[in-house]
Amino acid sequence: MFRGRDIVSIKEITPKEMDKIFEVAEEMIPIAQSAERSSLLQGYVLANLFFEPSTRTRLSFESAMSKLGGHVIGFANPSATSLAKGETLADTIRMVDEYSDVIVIRHPYEGSARLAADFAKHPVINAGDGAGQHPTQTLLDLFTVKREFGHIKDLNVGLIGDLKYGRTVHSLTYVLSNLGANLYLISPSLLRMPKHIIRELKTKPLETEKIENVLPELDVLYVTRIQKERFPDPNEYRKVAGIYRITPKLLENAKRHAIVMHPLPRVDEISPEVDATPHARYFLQAFYGVPVRMALLALVLGVI
Amino acid sequence: MFRGRDIVSIKEITPKEMDKIFEVAEEMIPIAQSAERSSLLQGYVLANLFFEPSTRTRLSFESAMSKLGGHVIGFANPSATSLAKGETLADTIRMVDEYSDVIVIRHPYEGSARLAADFAKHPVINAGDGAGQHPTQTLLDLFTVKREFGHIKDLNVGLIGDLKYGRTVHSLTYVLSNLGANLYLISPSLLRMPKHIIRELKTKPLETEKIENVLPELDVLYVTRIQKERFPDPNEYRKVAGIYRITPKLLENAKRHAIVMHPLPRVDEISPEVDATPHARYFLQAFYGVPVRMALLALVLGVI
Amino acid sequence: MFRGRDIVSIKEITPKEMDKIFEVAEEMIPIAQSAERSSLLQGYVLANLFFEPSTRTRLSFESAMSKLGGHVIGFANPSATSLAKGETLADTIRMVDEYSDVIVIRHPYEGSARLAADFAKHPVINAGDGAGQHPTQTLLDLFTVKREFGHIKDLNVGLIGDLKYGRTVHSLTYVLSNLGANLYLISPSLLRMPKHIIRELKTKPLETEKIENVLPELDVLYVTRIQKERFPDPNEYRKVAGIYRITPKLLENAKRHAIVMHPLPRVDEISPEVDATPHARYFLQAFYGVPVRMALLALVLGVI
């Protein structure tokens, strides 16, 4: 089912396949926590090709591979490499493909992970390609929700912040809707979820500018950073920067069991005081990146 | 005694605890030399967070972890990372803490290792924080002396060079004095050991500008580099640069069994001809960094 | 025969020793392909010292060490290190020598690998030193030819492109001639093989500017890139850039079993359409870098 498969887009993974990934991820948790040891991937080599820096994703994959006894080669930053000698991406991929058993690629251009997958014999995992996909982020987000509530269907999930430029939030919205969650999209009008994304959803989400309007109904509040670098015009950015800020005071109106998630890094959209509340899940969510990636690596390498 | 402990300052380690570290380090030597194999730390992940470059310390920790079968993730240089996105150090640490079992941090600002230790659930080892502490350097220095002479009490130890700005020499002085060594502080008057350090010592050290005055009495001569980058004023640097140079000729007046140490890198404060004399211990001292760090890692991870 | 040996120049390896390396490399192939697992080098540490970037060679060594269960420390780029503090190369090598079991060095200056070998106690492998040697590239080139044809003697081998500045092609020419191959040197007159190299050869090679003249006779066509950065004068480069381009159409006149090799990266000297022809061997050749380096590492570390 997974052996040899490329993981390029979340849309290619069926709900049944997600369940399998999450089932394996669950078994990986004690290994990720060093409560158990494993040498499942001993002798296997992961090539981590980061054509743009992404320390978080890179370290999470390195940890996942290491915990299973595998090794990692690659680069964190293309400027430190000799890849600039005029070689095509296809050739770079085929070269690395000869040195490794699985390739993780992060690249600034949309479509680059697909191209890599087309040229590599070994499985390719997309770790973010420009404004495109970042499927392992979506998987770890879903795993966090599922592990918390046991199901996704009928949950009230609010997504807040930059819903226009935010890459991963589009994929997440699509899958949450597919799995039967009720969506609440909270953003300034400048940063509304694009119409073409909303049209693809199974059920119509509720859109609002004011978090206060919907907070009491939410089971999950997924916060995203408003990223200056995504804005073509700095004036547009200034209008919306800092418009939302999640605080313990605000969360007094949330359900008792409601959780706050964030893909990290946060800047000031969640106040540090929230960390100590029972709502905070963003660091646990970061941890789940390790067992989810362990599961994926083991599955596409065909050792499970 | 050590399981889960942070190693931030040498002052928090008692003499009895040092003995334990050195006892374990002794057992690590054959593994460090590949005469024996070990998979004591298989499945464990060390996060090496170097917010400023320090190739020597970084490679030594990587070697230590690798020799015990563990894996290393991290970064050698923050500019190659995406950490600049406005994230606080506390958040970076908590994120990495989710991916690893032990964190080693090198940071340009004093106090950053303490902050990291406060936020991480896993043990944090300080690998140098600005003008602050560098406890593993101090431990390997002491291990070198102890292994050579069997004891530290009553040894005559001379420290020469920059005793004012030199970070690690302050910690070393403090511990040597505590353990009963007789100290000889040799420096130009511009670079004398600060008064507040001297006041903390158990016994009053002998201070001099001329190495010839004290060399015949020394068991250990610990040489430090006069680092241009520590001087606020380049004129001050020029006055003292190259003032001391250890040569075989000079060492003719040393005790037969006296040893010369240096934290490395050296520039020209020890002439290369000294390398072949029976006094040179600085490369052996560098080697001892591996078993000492192996011991620390195994102890704080609680596997010994 | 190999234990503890430095691999600095291909000229120091006898034909009988090459046979031994290739015999071990053959056994390494299933491990390199993850069809078998090995922990032959578990507990051993390779120091990868890349004083200039060379992603290909670096990743190939990292893969080789990892496949045998060993670990890699080092740096990909000296600017990311603290080595610039005025330390001599000899001191850097001796420091790293204390942390590792085998050293791989890539350095822009000719002779630096020899110097490293002179100072290190552990074996040193030259991964390219300026205009000097790159012996593991030569070994993997020979292994590719040998594995394809079973022998090298009496094969007709054409070398095409930059035969003047191309570093590795000089070593390769020397060894091929020594092993009894018939050489065809194809280059523009500006880029002819230097006379002092030709004088060293066992038999006089055929020199020509036109590939069409000799292609039908060749068993092996070894293509090299014409590297702009090697030319002192950019006008000289413009005259010869793109002068040769291997295409499927051109290869219609080649022997049916003839193979096309290239050390990679290619720019446009081999058209991508050649990749699908039965002649292309350059990616397989890249793969062979892994088992050949695995063999070398195991041999110099004395575990075989």
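By letter and in written order, the chains are A, B and C; residue numbering begins at 1 in each of them.
To be clear about the criterion, contacts are C-beta pairs under 8 Å (C-beta built on N, C-alpha and C of every residue); 3 or more make two chains touch, one makes a residue touch a chain.
Fair warning: this is a prediction, and the values are worked out from it, not measured in the lab.
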- Interface numbering overlap (same over half, different under half) for chain A and chain B: different
- Note on the structure: Turning chain B onto chain C by a C-alpha fit takes a rotation, in degrees to the nearest 5, of 120
- Note on the structure: Whole-Å distance, C-alpha centre of chain A to that of chain B, is 40
- Query: Among the residues of chain C, which are close enough to touch at least two other chains?
  - Reply: 71, 80
- Query: Which of the residues in chain A end up touching chain B in this complex?
  - Reply: 31, 34, 36-39, 53-56, 59-60, 62-63, 66-67, 69, 71-72, 76-77, 80, 264-267, 272, 283-284, 286-287, 289-290
- Note on the structure: chain B contacts chain A in the complex at 42-45, 47, 71, 73-75, 80-83, 85-88, 90-92, 94-101
